[in-house]
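Note that the chains are named A, B, C, D and E in the order they appear, and that numbering of residues resets to 1 at the start of each chain.
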Amino acid sequence: MIAVDLLVVVPLLGALACLLAGRFSAHGARWVALVFTLGFGGVLVSLASEGAFSGQVVEGIRIAQDTVPFWDVRVDGLSAPLLALTALLGPVAVMASWGVADRAPVHHALLLGLQAAVAGVFLAADVVLFYVFWEAVLIPMYFLIGVWGHEHRRHASMKFFVYTFAGSAVMLAGILIAIFTIGATSIDSLAAGRVALGDPMLVFWLLAAGMLVKLPAFPVHTWLPDAHVEAPTAGSIMLAGVLLKMGGYGLLRLAIPIAPSSFAEVAWIFALLGGVGIVYGAAVALAQSDLKRLVAYSSVAHMGFVLLALSTATERGFSAAVLVMVSHGVVAPLLFLLVGQLHDRTHTREIARFGGLGALAPRWGIALTFGALASLGLPGLSGFPGEFLTVLEGFGAWSWPVALATPGIVLAAAYNLRAVREVVHGEVAGEWAGIRDLSAGDLVPVLVLAAAIVTLGVWPRLVIGMAGDILGALSAVIGTGV
Amino acid sequence: MSIESVVFSVLGVIAVAGGVITVFARDVMRMAIGLGAFLVAVTGFFVYWGAAFLGVVQLFVYIGGVLVLMIFAIMLVHRTPEGSPVLETRHDIAALAVAGGLFFLVVTALSGAVPDSIDQGIASGTGELAGVFLGPMLTHFEMGGVLLLAVLVAVVVILGGDEG
Amino acid sequence: MGALLAQGWSVVAVPLVLAVLVAVSGRALGRFTPVPALAAPGFVLAFGVTALLEGSHAVMSAGSVEWLAATGANGLSVGWAIDGLSAVMLVVVGLVASLVVLFSVGYMSGEGGLPRYYAALCLFTAAMSMLVIADGFIGLFIGWELVGACSYLLIGFWFTRPAAASAAVKAFLTTRVGDVGLLLGLAVLWHEVGDLSYAAVFAAAPALSLPVVTAASLLLLVGAIGKSAQFPLQIWLPDAMEGPTPVSALIHAATMVAAGVFLIARSWPLFSLSPDALAVTLVIGGVTAVGAAAAAVAQSDIKKVLAYSTISQLGFMFAALGAGAWGAAMFHLVTHAAFKALLFLGSGSVIHGCGTQELEEMGGLFRKMPITGVTWLIGAGALAGLPPLAGFFSKDEVLHEVLGAGYAWAAILFGASLLTAFYVARTTRLAFFDTYRGGGHPHEGGWSMRLPLLVLAVLAVGMGFAGAWIAQAYGAHHGALDLRVAAGSTVLALAGLLAGWKVAGVDDPAASRAPGLAALMRTGWGADALVDRAVLRPMARISRVLYEGVDRQVVDRVAEGTATVARGVGRALTSLQSGDAQWYATMLGAGAVALLALVSYVGRGL
Amino acid sequence: MSLVIITVGLFCVGLYGVLTRRDLVAILASIEVMLGSATLLLVGLAAAGTSVGATEGSVEATGVMVIVLAAAEAAVGLALVISVARRFRTTRVDELTEVKG
Amino acid sequence: MLVAFGPHVLVIAGAALAVALDAFDRRALAVFATVAGLVAGAVTAFVSSLRSPTISGDVLLSGTGFSGTVGVIFAIAAVLMLGSWRPLSRAPFGGGLAALAGVSVAAAGTVAVAADLLVVLIGLEAMALCAYALVWSARTARSTEAAVKYFVQGAVATGLFLLGLAILFGLYGSSTSYVWVRGVMGTAAGPPVTTAFVLMAVAFAYKVGAFPFHSWALDAFETAPPHFAALLAGVPKLAAVVAMIVLFSRSVFAGLPTDYQLWVFGSLAVLSVVFGAAGGLLQSSYTRMLAYSGVAQVGYALVGVAIGAAAMTAAALLVAAYAVAAGAVFLAAGAFRSVRPDWDGTIGGLAGLGKERRLLAVSVAVALFSLIGMPLTAGFWGKFLVFGVAVSAGYWWLALIGIVASVISFGYYGSVMRALFFEPSPASASGGESDSDRGAESAVVFLAFVLLAVGVAPLVAGLEPVLRLFSFT
């Protein structure tokens, strides 16, 4: 019997251990961080024995039964895949930031804190706890960007914090209304007592606002490119990998269950935002001259798929949304990891300055090509099942208008392959003649992510199998129209 | 016209005149005189209403206070080239609006709530007063002591120290 | 045998595993890398033959897994269902692929990055197999996309050549446009039927309303057009010649580009219900056949000639499909696979021999490279449609069917075959006869290059007589030889050959007579320029405007603007703190007055 | 009523003085007028007997406390004014505008 | 009576002792005497907070949250006084200043629990008089100027309160105790009552520094000695807010239709929030920025006051959290100064301090996050409850304004963290001899720890333990 609570506790202990170890040796702190992030995975795996990955609900410990305890954590089919994602990206992020020299222990402690907070978001079964973790995520991320970021890190960190904090603040208003009109804080009871809401539409939009910013959906996405470009590699990995997922997760976990009928009423807006995001994000990505910014905008496009999938309000649509989220949660980190490794070597991300790197650093070149193909949704890789299902279901729900979003699919291929052509292919840029190819150490995280990408692409049921029941129930609730 | 109303009117006139002079006089001495007149008139009211003790307190506290005030005033007040102390006033519409508005609103609010004439006075000896202070108003008394302690220390701190 | 057949998945799995093996252990295997690479298509071939020998055109082996179902079955399964059609395709794929790998041993020797090359070939074999054995549209689509990816990788094999890199991207993007159509077609079917397995869709098809069927068919057609480089998506195939020649033979002549034809043949129960869709297919096929043939006439690069020729021949197949004869189309597909692969490998041997692709720098190679020459002549004859070569029979059947569909289109196709014979003769003479104009020392390749040529040559000769048997294998009727058509086309072919031969003698006649037209034809009717002006440049401009104009100037400006606004408000408010104590006191009093006023207002009940 | 008008009027006059007098000494004087008139109102209204069941002495006691309070205000105020005069060699409040923004 | 006033008496006694000790120039001892008085007062207050609420002599409330508030006020003050031990023991009349601080805190404690208009008035006055001197005690030109301006505005405010008192006492008086006035007044909501209501509301709004009665606060908190700014910024507000809700919503003016409280304090709240948040964005001076942010924080508290009795607990918790956090950040200013004697007082001047004094900087960050209202800090629960009550009272827009303003507030709170952690230390870092003020630093760290503890504990233990301290029933 392993307590679910450990998923929050272990990384926090890890953060402390990191700081302590840092007093003696920075390198030791790295290993400590790695061990604890792996420990997180270990806890999660051991939870499998209790059915955490077969859609079962695994409750955490309830402290202080008598009073009103906000601490109520559990793993269920919806959170399990995202927790697995968190477990996967934790070590990857640590390995990706192995070379951080400046205050490395603090850096890794913040990473672990971030992991704890994100895990908390996915674990929380109580809306207050959910919000607490939701906000707590900002703090380590803010410092990661601000301290270890690149040229414009100060502005970027401020923008990231204020922008997303604004979103979640609005969300807080919604949460408050829900709590104090329904008179409960556990998400289940909120969903159960939703009829008490005087103005569900207001509540829904207040809640959704925060999540749409986090996702991010067009037109509230502009914090993302800045944050990504300036963030250190590990920060980008966590940001793209799990932080963005909080948005979609929040919609499925909180906003839709509390106000399903309102959601059904405005689903078309979500479809619209999603469709626009798909095309817009891809088109803008096509215009980027900065490799990292390109990847950032591709995230906007992918999150557009999530919105479109959600808007169908069917079980399969929700499954598609989860698939896209998880897939993007491994593909984008891979790309950011590779871009980061390139930046470590060349200290630039200017696409124009590269060329023929495939000849100079074959391993890296192959990896980037692989990542690009995954990102453009090639079958057999993780991107395909979700986007494929999204289009099928989207057509079912919205019919021909969905065709307007499909140019995004071509554009996705365009910007990804353009990046490959300009950077990996083409004339060899003599500037980087002596560039180091990926070392074995660099390869480990790359291979881990690549393996995940292939696995998800070949066997998507791994993910949707867990969430199916919950999502089915959710779409059924929407069907009832209450 | 009863003797009461006559007394009342006289005191009122003095008080108003004194107050107005205090606020508008350019010359320090005039201001001092005006303030004195105002305070005396207030004292007069107290006595007239039978609150003799109150009057006495007022007299002592303020005559002392005002004397001190005036001495310092004449010491400190900014002087013209000719050497005569001048008190300048910047009349401004905002201040006038505030004062006027307050007057209007308060008076209209109180109109009707209070009788036109004073029909009864306050008659109480110092004994009763002591009784009150040691009885129901003990806390007030203590607080007054605290207040004076604060004043004492504050004044010492502010004036006692050299320009540290 | 049956045991093997039952395990349909293996025909995908084995090449896949071998691909991984080659990719991983390529460096270790060294010069033996091709061995496992050869095993992959070999297995496919063996499997296909086994299936073919079953002699049944119905489904012989099937199986599937629920793939995208969260819970239970929801019609999104992936699986295999091997029938005659798939068997024939498997044989084609396996055979050509094996020969191409064999050919590559000689052709690619000494190249860098061979593991990548052979791994991609194996992967392609796997993907192509998946495409053909799929039991439903999902499996087909997966294979469909994967072969595209392999094509991308192989065209860009020499990725440091900008031309190759660009060609790879161009190929992928152009086909991707078609794929989107296919995807939407699937969406329509999914929406209407709720199940994407062939069985379910075809069972439900007759019940569907005609507009739905037409819409679905046309969308599938879009996909086919993209893959098979039909008008208006033909532009990528000529550029694809940047890839290694064996790749061109396999992917861009024999198998992948034919997938479009296979798709329509496969979904015939659907297409056959929609006359409009068939009509469109016919039009596209006809236009492409003649247009591409004309473009081929003006090419100076031997591979470009073959590329346009491929487009044109695929046009024939589409025309046949449009005419309602999927059997004829498939037959032509099979024969074309043989003789076009032969021609490509032949050209490869030529290029290998004299190190150029320019016809101007060839000539008189027949004597210098006899085997290549002979086999080339056979292939050329087949392409031109000379009896009794394979091309003759299949093209005869196609023309016969189109004739049945309408004289106009038949006339166009006859014209196309005339042009075909013309450019065949021209190319052949320029390359193999007269005197050698190049600077190199042309020579035959090794046995590994000769053997495939011979095998394919044999097929190009013999296959024509196996028409009935092949048709029976995939269960289509095989009409007897239509002598009128045969005679006509033969005459046309001879005429074309003669003309072509003569013209080839003169120095660039077309250019001298009608330079404009020649240039237009050489550029494939200026399609690239058109696309560049109509699509690429506008798209680039739009995306730049969206980013710099909209995203930075508007969307982000608004977000950042809120901060500016807040500071502005702050500046206005802090101007109250003038430092004047009496002003502060005035504010205080004013506040009191305002509140008093407010309250007396509230008192009167708001 | 006349009492109210007189006292409130004086209060406002004093307030006006505080808001307009330039010299801290004069401001102090104006403050005295404000507080004095307020005290006057307090005692006066009580004397007017509008208050219910007044216990003997409580009014005077209250008045005394108020007077003490006003005196305290004046004392500290004066101390501050003197320190200002010492430091800035002036008691003009309009010359004290260093702290702002 | 003694139960109610006992704690205050202890504090005052400590202060008096401090005065005496100062006379013998034993400043350090004087400070400790004050602290001792505060601690004793806090302890007794906490003890009596276990009793049920009583009102002694119609004058002072005690028991439950009332004593609890007093205890919190004294406790915070005690920590802050300890933290300011070094500067005080070095300042001329340090003991006297300590005594003044003690007296003002005692007065604040009285105001918080007073049930008598006159006592409230005297208490406010005592606080004010001490505050003038404490602000002045920086002995700089700016502080003198600020003090005298503070005084001018204070005099007007006192006058207004006195006017209101005169009206109430004159009309319903002979006693100024809430119980009495309320009894006589009944539910009469005539113009005189509303007038008195507004006049007193203004006096309180001035005391807490709400817009447009805030000007003194900006100058005072900027120029005062940091350790006294720390004391004056938080503690009096806690007292005043509790007193306001008692006076305006629970006793004397409870008879008024709630519209009055809502409109008066609601409008003040919105104005203050907007002014503080927007104005803070422009400040370059660390302490002045904090002063501006204080105005915004008062706005949040006034949301609670506008709602009234229902929000009393929430508002008290919010202001208490603010008092702790404000104490920490202001005290930190002194600590910064001692680390960097050549600090120009600007936010930018703090560049790189995060590396030099990590624990101090992190604690400041915690306090700032609490001021923002981030979860995991006490500040979150304060806002959570206040806005929650506002929402449940149907004023979700009031809550939304507050929430959005707290987002804006990150603009200036964040700039401090940015300077501390993101900026490199200036090249000429070691200008002047740096000897860090351990006392102040450890006080800051302790306060930050309190904020964290109160912020995290409720997650697992529920809010009850925290709220028990501020339940006024």
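Simple rule for what comes next: a residue touches a chain if its C-beta (ideal position, glycine included) is under 8 Å from a C-beta of that chain, and two chains touch if they have at least 3 such contacts.
Just so you know, these numbers come straight off a predicted model, no measurement behind them.
Asks: Show me the overlap between the contact partners of chain A and those of chain E.
Replies: Where chain A and chain E share a partner, that partner set is C.
Asks: If you take the mean of the Cα atoms for each chain, which one ends up farthest from chain B?
Replies: The chain lying farthest from chain B is C.
Asks: Among all other chains, pick the one whose mean CA position is farthest from the mean CA position of chain D.
Replies: So the farthest one, by centre of C-alpha atoms, is C.
Asks: When B-D is set beside B-E, which has more C-beta pairs in contact?
Replies: Spelling it out, more C-beta pairs touch across B-D than across the other pair.
Asks: Return the chain label for which the distance between chain Cα mean and whole-protein Cα mean is smallest.
Replies: Chain A is the most central one.
Asks: Just how far, in Å, is the C-alpha centre of chain E from the one of chain B?
Replies: For chain B versus chain E, the centre distance works out to 32 Å.
Asks: Using mean C-alpha positions as chain centres, tell me how far chain D is from chain E in Å, no decimals.
Replies: Chain D and chain E have C-alpha centres separated by 26 Å.
Asks: If you average the CA atoms of chain A and of chain C, how many Å lie between those two points?
Replies: Each chain's C-alpha centroid was found; their separation is 35 Å.
Asks: What is the distance in Å between the mean C-alpha positions of chain C and chain E?
Replies: Chain centroid spacing, chain C to chain E, equals 76 Å.
Asks: Out of chain D, which residues touch more than one other chain, so two or more?
Replies: 8, 11, 14-15, 18-21, 39, 44-46, 48, 50, 54-55, 58-59, 62, 65, 69, 72, 76, 80-81, 83, 87, 93-94, 96, 98-99, 101
Asks: Return the residues of chain A touching two or more other chains; collapse runs of consecutive numbers into ranges.
Replies: Touching at least two other chains: 162.
Asks: Tell me, which residues of chain B touch at least two other chains?
Replies: Residue numbers touching two or more other chains: 90, 92, 94-95, 98-99, 102, 105-106, 109-110, 113-114, 136-137, 140, 144, 147, 150-151, 154, 158, 163.
Asks: Pairwise, which chains touch?
Replies: A-C, A-E, B-C, B-D, B-E, C-D, C-E, D-E
Asks: Which residues of chain D touch chain B in the complex?
Replies: 1-6, 8-17, 19-23, 25-26, 28-30, 32-33, 36-37, 39-40, 43-50, 54-65, 67-69, 71-72, 74-76, 78-83, 85-87, 90-92, 94
Asks: Can you check the complex and tell me which residues of chain D touch chain E?
Replies: For chain D paired with chain E, touching residues are 7-8, 11, 14-15, 18, 24, 27, 31, 34-35, 38-39, 41-42, 44-46, 48, 50-55, 58-59, 62, 65-66, 69, 72-73, 76-77, 80-81, 83-84, 87-88, 93, 96, 98-99, 101.
Asks: Which chain A residues qualify as touching chain C in the complex?
Replies: Residue list for chain A touching chain C: 159, 162-163, 218-223, 280, 283-284, 286-288, 315-316, 319, 356, 358-359, 373, 378-380, 384-385, 388-389, 391-392, 394-396, 399, 402-403, 406-407, 409-410, 413-414, 417-418, 420-421, 424-428, 460-461, 464-465, 467-469, 471-472.
Asks: Within the complex, which stretch of chain B touches chain E?
Replies: Contact set of chain B toward chain E: 105-106, 108-110, 113-114, 136-140, 142-144, 146-147, 149-151, 153-154, 156-158, 160-164.
Asks: Mind pulling up the chain E residues that touch chain D in the complex?
Replies: 118, 121-122, 125, 129, 132-133, 136, 141-142, 144-149, 151-152, 155-156, 158-159, 162-163, 165-167, 169-176, 184, 219, 222-223, 282-283, 288
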